[in-house]
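One chain, chain A, links the two complexes that follow: it is found with chain B in the first and with chain C in the second.
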Partner chain A sequence: MEVPFWNKEIETLDRARLRGIQTERLKQIISWALKTPLYNKRLNQAGIHSENDIKDIEDLTRLAFTTKDDLRKNFPRGLLAVDMKDIIRVHSSSGTTGIPTVIYFTGDDIENWTDLLARSIVATGATSEDIFQNMMTYGLFTGGLGLHYGAERVGMMVIPIGGGNTKRQIQVMKDFQTTTLHITPSYMLHIHSKLEQEGVSLSDLSLRKGFLGAEPHSENTRLKIEELLNIHAYNSYGLSELNGPGVAFECVYRKDMHVWEDGYIVEIIDPVTGELKEEGEQGEVVLTNLIRRGTPILRYRTRDLAFLHPEGCECGRTHRRLSRILGRTDDMLIINGVNVFPSQIEEKIMKIPEVATNYQIYVDKKGQLDRLTVRVEIYPKLFLGDVSNLEALRVKIKEELKSSIVINPVVELHEPGSLPVSEGKAKRVLDERPKD
Partner chain B sequence: MKITQISVFLENRKGRLFEVCSLLGSNEINIRALTIAETESFGVLRIVVDKPDIAVKLLHKNGFVANFTDVIAVEVSDKPGGLAAVLQVFADNDVNIEYMYGFVEKFSDQALLVFRFEDTERAGNILAQNEIKIVTQSEIEGL
Partner chain C sequence: MSKQLNIFVENKPGRIDSIAESLCKSNIDIRAFAIQDRGDYGLLKLIVDKPEQAYLALADLGCACALKDILAISIPDKPGNFHKLTSALAQNNVNVADAYGFVLQPHKTGVCCIELERQQLAMAEKIATEAGFSILGDEELYNM
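Take a look at the complex of A and B:
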């Protein structure tokens, strides 16, 4: 397979030299972080009083973790490390679950971020000849603008359509013969379920690649998307605290995501004890941003669960690969005392061909007991008009789920496109149990 | 001898049946026979209409999951024992019925019933051999 590079030297740099670059950049970031009250205090407590106390990236492990709560407590300017006149952009989380978090970028920060996104895009094999439909929300959310800048840097024609308005998305795909999409996996499946209704078939379109981001999804979801839309789908990872997309991206081999280690230090920890995990062991992803001065973030607990591959990649890149996000430390449901991750449910139902696109997990109380309902959409082409087939499918899904999550769910079948899909992230889990 | 039934998947949601019927109605499609098979969490609406091809296209375009199923419509004398006489033929010849339902209207003094058989071809032949009147698609369209 042909393996394209954006910056071959950096992407294939031997591990020792890569570590050297990380150490140099960490020193710079520490010097900026020391200007913020939070990190000044924490770095001092860790015995780091200036960048010269850093001899190797290992010295970073003396520092306490940064949490989302730390960012909230420092809203809006507590972690701003440079003069406001040097800031050219701000991004912020929605704040729907509390006080928003806010990240400031200098011109250089945007430049560095854009470069990593161009690198990510080229790693998938996309080129300046591609037509890029950016279906992520623009605005304070980092997904839209991040890839937009990266794609322009590569020289693609960018269609800055943003999220939502399915009818128009499909029309634009057809009119401009879009080749490459940036989209959430749930919206990709939703779009597919609406093609027929819009009177558009895949042969009217020129889709070849989809960058799937902003939502954890299973390998089976990827396979389903690839099969239904006849495209190659590439997993993308990032979060606004660490710039946004472009932290890690899949290459042409599509076997998990290279973390751009000249831009980020990645650690995997035990979410309970905080101890470092070995390569290959699952734990919480902790990231340090090495390329942003505006808001330095060190050892950030992402709450995403994943592991690092111990072995290299066929593409020749030396930057290690991060597994797909296998769950979140905070999305675990406890149902009648049993721990259930939504990712376990997705893994099972996406393997069943009759299940089309979207699904939803609903939890409520029936009497004293918790009740788990899994709502799935059926795939129209496999509807034979028969009740017994559908009922058999429902029972099959129920059995499959029960074998994986131990508890016995209620399974409901729904029409394609009927379960709610938001324009950004899908509402997959509804927990309506009374809070005590 | 076969006629076309349309099966529509209906999720358990208020107004969904109304939406199917009003869509067909506003497009001048007449429902000749209808039944609903229901389970706890979903239903399947089965209809025989005067313009099945147009109806299915319309349903798909409006986001419904719908499909064609082959059924046979049979004339049965509208008098006590009429249905039993036909069922006797099926029982004697080992013809399995998956489900059946009646027409909304009739176009002679006979009652009209829709049958879905395990083996449609075979059932059709046996009906013909026993001289039981089968209603054709064009007769349905002209009702």
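Take a look at the complex of A and C:
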């Protein structure tokens, strides 16, 4: 397979030299971070008083983690490390839980970020000949503008259509013969379901590639998208605290995402103890941004669960590959001492045909013990009208779940359409145990 | 075979009401009903004048419902007749798990509706007929 590069030297640099670059860049970032009150205090506590106290990236592990809460507490300007006149852009994440988080970029910061996105796009095999329909929301959200700049840098023709308006998206795909999409996996599936209605077949279009981002999705979802739309789909990872997309991206082999390690230091930790995990072990992704002065962020706890592949990639890049996001630490429930991820429950119940697509996980206390209740909707087309069948279904769900999560749940059967529908950040988990 | 509509309903206030509302809008006449309670949910069982039409109306509403075959046995409303039926079924080893009954004409006729597996249903029909009971046909039941 032909392996295209944007910057072959950096992308295939040997690990020792890559570490050298990381150390140099970390020193620069630390010198900026020291200008913010939060990092000044924390770096001093860790015995880092100037960039000269950093000899190797390993010295960073003395520093405490940065959390989303730290960012919120420093809203709006607490983590601004440069003079406001040097800032040329701001991005902010929605404040779904109250105070938003904010990231400032200098001109150089935007330049560095754009370069990593150009690198990401070229790694997938896309070129300046491609027509790029950017279907992510533009604005304060980083997904739209990030890829927009990267695609322009590569020289693609960019269609800055943004999100939504399915009818128009399909028309534009046809009119401009779009080859490459940037889209969320769920919107991709939605678009596919509307093609027929719009009287458009795949042969009317020239789609070849889709960059899937902003939502964790399973390998099965990728395969489904590739099959339905006859395209290659590439997983993309990033979060606004670390610039946005372009932290990690899949190459032409589509076997998990290369983290651009000259731009980021990636660590995998145990979400409970904070200890570092070995390569290949699953844990929480912790990232340090090495290329942004405006808002330095060190050792940021992403709350995303993944692992790093220890072995190299066939493409020859030396930058390690991050697995798909396998869950979120803030989703994890501890039930009677056992760790349970809602994704484990979802995986089991979605395999049972008599269960519809909606479910809810409910946790409360019964006496001293935690009680897990899984609420599922029954699928009307497979309802036989018998209590015995329903009770057999209940037992089947219980046993499937017990074998996977070790806990014996209460299973409730609900009417179709009666549980809250998933919309974006769905409230699928209700934890009503009293807080200490 | 006579049809009964079995509807899955969550055990909470207002659920039966929304089903009744839908049937009312579709101009469905309810002849008999029973509820089988299972704690968090139950089955609402209905005999109606137009079972297929009622099924479609409820399916449109998104309900989980099914049409089940039942045996509707006409019983003279006199002491001892129910016993006559049960002993005929018992002697032939037919187990009745799901059934309900109502008076159709006071002191004249009662009806016993039995839900059984398809095979058992034919057997129960034969037993009841041989014991001297008559079986209500579809139209008789729907239009009683």
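For this structure, a couple of remarks:
Convention: the second predicted complex is superposed on the first by the 331 of 436 C-alpha atoms of A that agree within 3 Å, B and C clash if a C-alpha of one lies under 4 Å from a C-alpha of the other, contacts with A are read in each partner's own complex, and residues count from 1 in each chain.
Definition applied: a contact is a pair of C-beta atoms (placed from the backbone, for glycine too) under 8 Å apart; a residue touches a chain by one contact, two chains touch by 3 or more.
Computed from a predicted model, the values in this text were never measured in an experiment.
Once the two complexes are laid over each other on the shared chain, residue contacts for A:M1 go to neither chain B nor chain C.
Of the two partner chains placed by superposition, A:V272 touches none, neither chain B nor chain C. Once chain A of one complex is fitted onto chain A of the other, the partner contacts of A:P380 extend to both chain B and chain C. Of the two partner chains, chain B is the only one that A:G199 touches; chain C does not reach it. If you count the residues of chain A touched by chain B and by chain C, you find the higher number for B. Once the two complexes are overlaid on the shared chain, A:E412 sits against chain B and chain C alike. Shared interface residues of chain A (contacting chain B in one complex, chain C in the other): 378, 380, 383-387, 390-391, 412-418. Of all the residues in chain B, the ones that touch chain A in their complex are 5, 7, 9-13, 37, 39, 41-42, 44, 46, 60-69.
Interface of chain A with chain C (complex): residues 378-380, 383-387, 390-391, 412-418. Interface residues of chain C facing chain A in the complex, by the touch rule stated above, are 6, 8-10, 15, 36, 38, 40-41, 43, 59, 62-68.
Of all the residues in chain A, the ones that touch chain B in their complex are 194, 196-197, 199, 378, 380, 383-387, 390-391, 394, 410-418.
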